[in-house]
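Chain naming follows the written order as A, B, C and D, and within any one chain the residues start at number 1.
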Amino acid sequence: MASANGEPRKAVAVDAGAKERNRKRLRRIEGQVRGLQKMVDDDRYCADILTQIASVHEALRAVGRELMRNHLKHCATAAIRQGQSEAEGMYDELVEMVYRTAR
Amino acid sequence: MASANGEPRKAVAVDAGAKERNRKRLRRIEGQVRGLQKMVDDDRYCADILTQIASVHEALRAVGRELMRNHLKHCATAAIRQGQSEAEGMYDELVEMVYRTAR
Amino acid sequence: MASANGEPRKAVAVDAGAKERNRKRLRRIEGQVRGLQKMVDDDRYCADILTQIASVHEALRAVGRELMRNHLKHCATAAIRQGQSEAEGMYDELVEMVYRTAR
Amino acid sequence: MASANGEPRKAVAVDAGAKERNRKRLRRIEGQVRGLQKMVDDDRYCADILTQIASVHEALRAVGRELMRNHLKHCATAAIRQGQSEAEGMYDELVEMVYRTAR
(Lines give C-alpha, C1' and ligand atoms only; values in the text may rest on other atoms or scores of the structure.)
Protein backbone atom coordinates (compact mmCIF):
# COMPACT_ATOMS: atom_id res chain seq x y z
CA MET A 1 0.00 0.00 0.00
CA ALA A 2 1.19 3.48 -0.71
CA SER A 3 0.65 6.65 1.27
CA ALA A 4 -1.06 9.71 -0.21
CA ASN A 5 2.08 10.87 -2.03
CA GLY A 6 2.62 7.52 -3.72
CA GLU A 7 5.60 6.56 -1.59
CA PRO A 8 5.41 3.28 0.34
CA ARG A 9 4.24 3.92 3.89
CA LYS A 10 6.91 3.94 6.58
CA ALA A 11 6.74 2.89 10.22
CA VAL A 12 6.55 5.74 12.73
CA ALA A 13 9.65 4.20 14.32
CA VAL A 14 11.33 0.80 14.48
CA ASP A 15 13.34 -0.35 17.50
CA ALA A 16 16.86 -1.31 16.40
CA GLY A 17 16.76 -4.62 18.29
CA ALA A 18 13.43 -5.63 16.77
CA LYS A 19 14.69 -4.79 13.29
CA GLU A 20 17.90 -6.78 13.69
CA ARG A 21 16.04 -9.82 15.10
CA ASN A 22 13.65 -9.76 12.16
CA ARG A 23 16.45 -9.51 9.61
CA LYS A 24 18.09 -12.56 11.15
CA ARG A 25 14.80 -14.46 11.21
CA LEU A 26 14.09 -13.67 7.58
CA ARG A 27 17.54 -14.76 6.42
CA ARG A 28 16.99 -18.04 8.25
CA ILE A 29 13.51 -18.37 6.67
CA GLU A 30 15.01 -17.82 3.21
CA GLY A 31 17.36 -20.72 3.92
CA GLN A 32 14.46 -22.87 5.10
CA VAL A 33 12.55 -22.15 1.89
CA ARG A 34 15.56 -23.19 -0.18
CA GLY A 35 15.72 -26.33 1.94
CA LEU A 36 12.07 -26.98 1.07
CA GLN A 37 12.87 -26.70 -2.63
CA LYS A 38 15.57 -29.31 -2.23
CA MET A 39 13.20 -31.61 -0.34
CA VAL A 40 10.65 -31.32 -3.15
CA ASP A 41 13.36 -31.94 -5.79
CA ASP A 42 14.40 -35.08 -3.90
CA ASP A 43 10.85 -36.49 -3.60
CA ARG A 44 11.20 -36.49 0.16
CA TYR A 45 8.44 -38.04 2.27
CA CYS A 46 5.45 -35.64 2.21
CA ALA A 47 4.95 -35.70 5.98
CA ASP A 48 8.58 -34.65 6.52
CA ILE A 49 8.16 -31.73 4.10
CA LEU A 50 4.94 -30.73 5.86
CA THR A 51 6.78 -30.71 9.19
CA GLN A 52 9.37 -28.37 7.69
CA ILE A 53 6.59 -26.14 6.30
CA ALA A 54 5.06 -25.96 9.79
CA SER A 55 8.38 -24.72 11.08
CA VAL A 56 8.51 -21.95 8.43
CA HIS A 57 4.97 -20.90 9.45
CA GLU A 58 6.18 -20.75 13.06
CA ALA A 59 9.24 -18.67 12.13
CA LEU A 60 7.08 -16.26 10.13
CA ARG A 61 4.76 -15.87 13.11
CA ALA A 62 7.76 -14.82 15.22
CA VAL A 63 8.48 -12.08 12.69
CA GLY A 64 4.82 -11.08 12.82
CA ARG A 65 4.78 -10.89 16.62
CA GLU A 66 7.82 -8.63 16.64
CA LEU A 67 6.23 -6.37 14.02
CA MET A 68 2.92 -6.33 15.83
CA ARG A 69 4.59 -5.27 19.06
CA ASN A 70 6.54 -2.54 17.30
CA HIS A 71 3.39 -1.42 15.53
CA LEU A 72 1.47 -1.15 18.81
CA LYS A 73 4.31 0.62 20.54
CA HIS A 74 4.97 3.22 17.87
CA CYS A 75 2.30 3.50 15.18
CA ALA A 76 -0.79 2.58 17.19
CA THR A 77 0.25 4.59 20.21
CA ALA A 78 0.89 7.66 18.07
CA ALA A 79 -2.58 7.36 16.54
CA ILE A 80 -4.27 6.71 19.88
CA ARG A 81 -2.65 9.74 21.47
CA GLN A 82 -3.50 11.91 18.49
CA GLY A 83 -7.24 12.06 18.86
CA GLN A 84 -10.55 10.22 18.75
CA SER A 85 -10.93 9.80 15.01
CA GLU A 86 -7.30 8.69 14.44
CA ALA A 87 -7.74 6.25 17.33
CA GLU A 88 -10.98 4.79 15.89
CA GLY A 89 -9.32 4.24 12.53
CA MET A 90 -6.42 2.52 14.27
CA TYR A 91 -8.71 0.16 16.25
CA ASP A 92 -10.36 -0.97 13.03
CA GLU A 93 -7.01 -1.43 11.29
CA LEU A 94 -5.62 -3.40 14.23
CA VAL A 95 -8.57 -5.76 14.58
CA GLU A 96 -8.60 -6.35 10.83
CA MET A 97 -4.85 -6.95 10.84
CA VAL A 98 -4.96 -9.30 13.79
CA TYR A 99 -7.63 -11.55 12.37
CA ARG A 100 -6.15 -11.54 8.89
CA THR A 101 -2.55 -12.13 9.85
CA ALA A 102 -2.17 -13.81 13.23
CA ARG A 103 -3.15 -17.32 12.18
CA MET B 1 13.31 -37.75 9.90
CA ALA B 2 15.29 -40.67 8.61
CA SER B 3 14.16 -44.14 7.71
CA ALA B 4 15.63 -47.24 9.35
CA ASN B 5 18.74 -47.22 7.16
CA GLY B 6 19.58 -43.60 7.99
CA GLU B 7 18.55 -42.28 4.58
CA PRO B 8 15.94 -39.51 4.46
CA ARG B 9 12.51 -41.00 3.86
CA LYS B 10 11.13 -40.80 0.34
CA ALA B 11 7.58 -40.42 -0.90
CA VAL B 12 6.01 -43.63 -2.28
CA ALA B 13 5.37 -41.62 -5.46
CA VAL B 14 5.00 -37.97 -6.48
CA ASP B 15 2.82 -36.85 -9.38
CA ALA B 16 4.91 -34.87 -11.88
CA GLY B 17 2.35 -32.07 -12.07
CA ALA B 18 2.17 -31.69 -8.29
CA LYS B 19 5.95 -31.57 -8.04
CA GLU B 20 6.30 -28.92 -10.74
CA ARG B 21 3.57 -26.74 -9.22
CA ASN B 22 5.28 -26.92 -5.83
CA ARG B 23 8.69 -26.03 -7.25
CA LYS B 24 7.16 -22.95 -8.88
CA ARG B 25 5.35 -22.00 -5.67
CA LEU B 26 8.51 -22.32 -3.60
CA ARG B 27 10.59 -20.23 -5.99
CA ARG B 28 7.92 -17.53 -5.75
CA ILE B 29 7.89 -17.84 -1.95
CA GLU B 30 11.67 -17.43 -1.87
CA GLY B 31 11.23 -14.18 -3.78
CA GLN B 32 8.52 -13.05 -1.37
CA VAL B 33 10.81 -13.71 1.59
CA ARG B 34 13.54 -11.62 -0.01
CA GLY B 35 10.92 -8.92 -0.55
CA LEU B 36 10.12 -9.10 3.17
CA GLN B 37 13.79 -8.56 4.00
CA LYS B 38 13.80 -5.44 1.87
CA MET B 39 10.62 -4.16 3.54
CA VAL B 40 12.22 -4.65 6.97
CA ASP B 41 15.44 -2.94 5.79
CA ASP B 42 13.37 0.02 4.58
CA ASP B 43 11.37 0.40 7.83
CA ARG B 44 8.17 -0.13 5.91
CA TYR B 45 4.86 0.30 7.69
CA CYS B 46 4.37 -2.72 9.96
CA ALA B 47 0.81 -3.39 8.81
CA ASP B 48 1.99 -3.56 5.19
CA ILE B 49 4.72 -6.06 6.10
CA LEU B 50 2.17 -8.12 8.05
CA THR B 51 -0.07 -8.21 4.98
CA GLN B 52 2.85 -9.53 2.95
CA ILE B 53 3.58 -12.14 5.65
CA ALA B 54 -0.05 -13.27 5.48
CA SER B 55 0.40 -13.82 1.77
CA VAL B 56 3.50 -15.99 2.33
CA HIS B 57 1.51 -18.07 4.86
CA GLU B 58 -1.20 -18.49 2.21
CA ALA B 59 1.32 -19.54 -0.44
CA LEU B 60 2.90 -22.07 1.95
CA ARG B 61 -0.54 -23.52 2.66
CA ALA B 62 -1.00 -24.08 -1.06
CA VAL B 63 2.24 -26.11 -1.09
CA GLY B 64 0.96 -28.01 1.95
CA ARG B 65 -2.38 -28.83 0.31
CA GLU B 66 -0.65 -30.20 -2.75
CA LEU B 67 1.65 -32.35 -0.59
CA MET B 68 -1.23 -33.52 1.57
CA ARG B 69 -3.18 -34.64 -1.49
CA ASN B 70 -0.16 -36.45 -2.90
CA HIS B 71 0.46 -38.03 0.49
CA LEU B 72 -3.10 -39.32 0.74
CA LYS B 73 -3.09 -40.57 -2.83
CA HIS B 74 0.18 -42.45 -2.67
CA CYS B 75 1.61 -42.96 0.81
CA ALA B 76 -1.60 -43.18 2.84
CA THR B 77 -3.37 -45.32 0.29
CA ALA B 78 -0.44 -47.74 0.16
CA ALA B 79 -0.49 -48.08 3.94
CA ILE B 80 -4.27 -48.43 4.13
CA ARG B 81 -4.29 -51.17 1.50
CA GLN B 82 -1.40 -52.98 3.17
CA GLY B 83 -3.16 -54.12 6.31
CA GLN B 84 -4.79 -53.19 9.58
CA SER B 85 -1.73 -52.26 11.60
CA GLU B 86 -0.11 -50.19 8.81
CA ALA B 87 -3.48 -48.47 8.36
CA GLU B 88 -3.80 -47.66 12.09
CA GLY B 89 -0.31 -46.14 12.15
CA MET B 90 -1.17 -44.06 9.11
CA TYR B 91 -4.41 -42.72 10.66
CA ASP B 92 -2.48 -41.53 13.70
CA GLU B 93 0.23 -39.96 11.56
CA LEU B 94 -2.34 -38.22 9.37
CA VAL B 95 -4.37 -36.76 12.24
CA GLU B 96 -1.21 -35.59 13.97
CA MET B 97 0.07 -34.09 10.71
CA VAL B 98 -3.20 -32.36 9.92
CA TYR B 99 -3.53 -30.64 13.28
CA ARG B 100 0.12 -29.71 13.44
CA THR B 101 0.51 -28.41 9.91
CA ALA B 102 -2.78 -27.28 8.43
CA ARG B 103 -3.18 -24.06 10.36
CA MET C 1 -25.66 -32.01 3.69
CA ALA C 2 -28.07 -34.69 2.59
CA SER C 3 -27.43 -37.88 0.70
CA ALA C 4 -29.15 -38.67 -2.56
CA ASN C 5 -32.37 -39.79 -0.86
CA GLY C 6 -32.68 -36.59 1.18
CA GLU C 7 -31.67 -38.19 4.47
CA PRO C 8 -28.72 -36.70 6.35
CA ARG C 9 -25.55 -38.64 5.55
CA LYS C 10 -24.37 -41.12 8.15
CA ALA C 11 -20.87 -42.23 9.10
CA VAL C 12 -19.84 -45.65 7.76
CA ALA C 13 -19.13 -46.55 11.39
CA VAL C 14 -18.34 -44.76 14.65
CA ASP C 15 -16.18 -46.29 17.37
CA ALA C 16 -18.12 -46.37 20.64
CA GLY C 17 -15.22 -44.88 22.61
CA ALA C 18 -14.75 -42.00 20.17
CA LYS C 19 -18.47 -41.25 20.27
CA GLU C 20 -18.62 -41.21 24.06
CA ARG C 21 -15.54 -39.00 24.36
CA ASN C 22 -17.04 -36.51 21.92
CA ARG C 23 -20.38 -36.42 23.74
CA LYS C 24 -18.55 -35.59 26.96
CA ARG C 25 -16.44 -32.94 25.27
CA LEU C 26 -19.48 -31.30 23.71
CA ARG C 27 -21.39 -31.20 27.00
CA ARG C 28 -18.38 -29.52 28.59
CA ILE C 29 -18.16 -27.08 25.65
CA GLU C 30 -21.85 -26.22 26.09
CA GLY C 31 -21.07 -25.35 29.72
CA GLN C 32 -18.09 -23.23 28.65
CA VAL C 33 -20.27 -21.30 26.20
CA ARG C 34 -22.80 -20.59 28.96
CA GLY C 35 -19.87 -19.44 31.10
CA LEU C 36 -18.89 -17.08 28.28
CA GLN C 37 -22.39 -15.60 28.26
CA LYS C 38 -22.11 -14.90 31.96
CA MET C 39 -18.69 -13.29 31.49
CA VAL C 40 -20.13 -10.99 28.81
CA ASP C 41 -23.15 -10.17 31.02
CA ASP C 42 -20.78 -9.23 33.84
CA ASP C 43 -18.56 -6.96 31.69
CA ARG C 44 -15.57 -9.10 32.51
CA TYR C 45 -12.14 -8.01 31.35
CA CYS C 46 -11.94 -8.62 27.58
CA ALA C 47 -8.57 -10.39 27.73
CA ASP C 48 -9.98 -12.89 30.25
CA ILE C 49 -12.96 -13.62 28.00
CA LEU C 50 -10.62 -14.05 25.04
CA THR C 51 -8.59 -16.57 27.04
CA GLN C 52 -11.77 -18.52 27.71
CA ILE C 53 -12.70 -18.36 24.02
CA ALA C 54 -9.27 -19.78 23.15
CA SER C 55 -10.01 -22.70 25.42
CA VAL C 56 -13.34 -23.39 23.65
CA HIS C 57 -11.51 -23.35 20.31
CA GLU C 58 -9.04 -25.86 21.73
CA ALA C 59 -11.83 -28.12 23.02
CA LEU C 60 -13.59 -28.01 19.65
CA ARG C 61 -10.35 -28.98 17.93
CA ALA C 62 -10.19 -32.06 20.16
CA VAL C 63 -13.66 -33.06 18.93
CA GLY C 64 -12.49 -32.43 15.37
CA ARG C 65 -9.38 -34.60 15.77
CA GLU C 66 -11.45 -37.48 17.09
CA LEU C 67 -13.89 -37.16 14.19
CA MET C 68 -11.08 -36.86 11.68
CA ARG C 69 -9.47 -40.05 12.94
CA ASN C 70 -12.78 -41.91 12.85
CA HIS C 71 -13.43 -40.56 9.37
CA LEU C 72 -10.07 -41.78 8.11
CA LYS C 73 -10.46 -45.15 9.77
CA HIS C 74 -13.94 -45.91 8.53
CA CYS C 75 -15.23 -43.64 5.79
CA ALA C 76 -11.98 -42.81 4.00
CA THR C 77 -10.66 -46.35 4.22
CA ALA C 78 -13.90 -47.74 2.78
CA ALA C 79 -13.68 -45.34 -0.16
CA ILE C 80 -9.98 -45.98 -0.75
CA ARG C 81 -10.47 -49.74 -0.78
CA GLN C 82 -13.47 -49.46 -3.09
CA GLY C 83 -11.70 -48.29 -6.22
CA GLN C 84 -9.78 -45.56 -7.98
CA SER C 85 -12.59 -43.10 -8.62
CA GLU C 86 -14.04 -43.38 -5.10
CA ALA C 87 -10.52 -42.94 -3.74
CA GLU C 88 -9.88 -39.83 -5.86
CA GLY C 89 -13.11 -38.23 -4.65
CA MET C 90 -12.14 -39.00 -1.08
CA TYR C 91 -8.68 -37.42 -1.43
CA ASP C 92 -10.26 -34.20 -2.65
CA GLU C 93 -12.84 -34.23 0.12
CA LEU C 94 -10.18 -34.87 2.76
CA VAL C 95 -7.81 -32.12 1.63
CA GLU C 96 -10.70 -29.66 1.39
CA MET C 97 -11.93 -30.71 4.83
CA VAL C 98 -8.51 -30.48 6.43
CA TYR C 99 -7.74 -26.98 5.20
CA ARG C 100 -11.23 -25.71 5.94
CA THR C 101 -11.61 -27.20 9.40
CA ALA C 102 -8.29 -27.89 11.07
CA ARG C 103 -7.40 -24.35 12.01
CA MET D 1 -7.77 -14.21 36.39
CA ALA D 2 -8.53 -12.11 39.43
CA SER D 3 -7.49 -8.56 40.19
CA ALA D 4 -5.49 -7.66 43.29
CA ASN D 5 -8.54 -7.74 45.56
CA GLY D 6 -9.60 -11.22 44.47
CA GLU D 7 -12.54 -10.02 42.40
CA PRO D 8 -12.67 -11.01 38.72
CA ARG D 9 -11.24 -8.24 36.58
CA LYS D 10 -13.71 -5.97 34.80
CA ALA D 11 -13.51 -4.18 31.48
CA VAL D 12 -12.78 -0.45 31.68
CA ALA D 13 -15.95 0.00 29.62
CA VAL D 14 -18.07 -2.04 27.21
CA ASP D 15 -20.04 -0.46 24.37
CA ALA D 16 -23.73 -1.41 24.69
CA GLY D 17 -23.98 -2.42 21.02
CA ALA D 18 -20.90 -4.66 21.21
CA LYS D 19 -22.24 -6.34 24.35
CA GLU D 20 -25.65 -7.02 22.83
CA ARG D 21 -24.17 -8.40 19.61
CA ASN D 22 -21.94 -10.75 21.59
CA ARG D 23 -24.83 -11.98 23.76
CA LYS D 24 -26.78 -12.82 20.61
CA ARG D 25 -23.77 -14.54 19.05
CA LEU D 26 -23.16 -16.64 22.14
CA ARG D 27 -26.80 -17.74 22.39
CA ARG D 28 -26.61 -18.84 18.77
CA ILE D 29 -23.31 -20.64 19.45
CA GLU D 30 -24.90 -22.47 22.39
CA GLY D 31 -27.60 -23.69 20.00
CA GLN D 32 -24.96 -24.77 17.47
CA VAL D 33 -23.14 -26.76 20.16
CA ARG D 34 -26.38 -28.54 21.08
CA GLY D 35 -26.85 -29.24 17.39
CA LEU D 36 -23.37 -30.79 17.33
CA GLN D 37 -24.34 -33.08 20.22
CA LYS D 38 -27.34 -34.28 18.25
CA MET D 39 -25.19 -34.88 15.16
CA VAL D 40 -22.79 -36.99 17.23
CA ASP D 41 -25.71 -38.90 18.80
CA ASP D 42 -27.05 -39.64 15.34
CA ASP D 43 -23.71 -40.91 13.94
CA ARG D 44 -23.83 -38.24 11.27
CA TYR D 45 -21.21 -38.22 8.54
CA CYS D 46 -17.94 -36.99 10.09
CA ALA D 47 -17.23 -34.46 7.33
CA ASP D 48 -20.64 -32.85 7.89
CA ILE D 49 -19.98 -32.55 11.63
CA LEU D 50 -16.55 -31.05 10.90
CA THR D 51 -18.18 -28.46 8.64
CA GLN D 52 -20.50 -27.51 11.49
CA ILE D 53 -17.54 -27.30 13.89
CA ALA D 54 -15.80 -24.95 11.46
CA SER D 55 -18.85 -22.72 11.59
CA VAL D 56 -18.75 -22.62 15.42
CA HIS D 57 -15.05 -21.64 15.25
CA GLU D 58 -16.01 -18.85 12.85
CA ALA D 59 -18.81 -17.62 15.13
CA LEU D 60 -16.46 -17.63 18.13
CA ARG D 61 -13.94 -15.61 16.16
CA ALA D 62 -16.64 -12.98 15.55
CA VAL D 63 -17.13 -12.73 19.33
CA GLY D 64 -13.36 -12.44 19.72
CA ARG D 65 -13.06 -9.66 17.14
CA GLU D 66 -15.77 -7.65 18.88
CA LEU D 67 -14.05 -8.09 22.24
CA MET D 68 -10.65 -7.26 20.79
CA ARG D 69 -12.00 -4.02 19.33
CA ASN D 70 -13.65 -3.08 22.62
CA HIS D 71 -10.47 -3.97 24.47
CA LEU D 72 -8.35 -1.74 22.23
CA LYS D 73 -10.83 1.12 22.40
CA HIS D 74 -11.25 1.15 26.14
CA CYS D 75 -8.74 -0.92 28.12
CA ALA D 76 -5.69 -0.57 25.86
CA THR D 77 -6.27 3.09 25.17
CA ALA D 78 -6.59 3.83 28.88
CA ALA D 79 -3.29 2.05 29.57
CA ILE D 80 -1.52 3.69 26.64
CA ARG D 81 -2.63 7.17 27.72
CA GLN D 82 -1.65 6.50 31.34
CA GLY D 83 2.11 6.35 30.93
CA GLN D 84 5.08 4.52 29.51
CA SER D 85 5.18 1.55 31.89
CA GLU D 86 1.43 0.88 31.70
CA ALA D 87 1.69 1.13 27.92
CA GLU D 88 4.62 -1.33 27.74
CA GLY D 89 2.70 -3.85 29.84
CA MET D 90 -0.30 -3.45 27.56
CA TYR D 91 1.76 -4.03 24.36
CA ASP D 92 3.04 -7.31 25.77
CA GLU D 93 -0.43 -8.38 26.88
CA LEU D 94 -1.90 -7.51 23.48
CA VAL D 95 0.71 -9.34 21.42
CA GLU D 96 0.43 -12.38 23.66
CA MET D 97 -3.36 -12.26 23.45
CA VAL D 98 -3.40 -11.86 19.71
CA TYR D 99 -1.14 -14.80 18.99
CA ARG D 100 -2.82 -17.02 21.55
CA THR D 101 -6.41 -16.25 20.65
CA ALA D 102 -6.80 -14.99 17.12
CA ARG D 103 -6.34 -18.29 15.34
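Criterion: contacts are C-beta pairs under 8 Å (C-beta built on N, C-alpha and C of every residue); 3 or more make two chains touch, one makes a residue touch a chain.
Please read all numbers here as calculations on a predicted model, not as lab measurements.
Contact with both chain A and chain B is made by no chain of the assembly. For the pair chain C and chain D, the fraction of shared interface numbers is greater than half, so the two copies use mostly the same residues to meet. In whole angstrom, the spacing between the mean C-alpha positions of chain B and chain D is 31.
Taking the mean of the C-alpha atoms as each chain's centre, chain C and chain D sit 20 Å apart.
Centre-to-centre separation between chain B and chain C, using Cα means, comes to 23 Å.
Under the contact definition stated at the top, the residues of chain A that touch 2 or more other chains are 64, 68, 103.
Chain-to-chain contact here is organised cyclically: the chains close a single ring, every chain touching exactly two others.
Across the complex, chain D meets chain C through its residues 1, 8-11, 14, 19, 22-23, 26-27, 29-30, 33-34, 36-37, 40-51, 53-54, 56-57, 60, 63-64, 67-68, 70-71, 75, 93, 97, 100-101, 103. For chain C in complex with chain B, the residues that touch the partner chain are 61, 64-65, 68-69, 72-73, 76-77, 80-81, 87-88, 90-92, 94-95, 98-99, 102-103.
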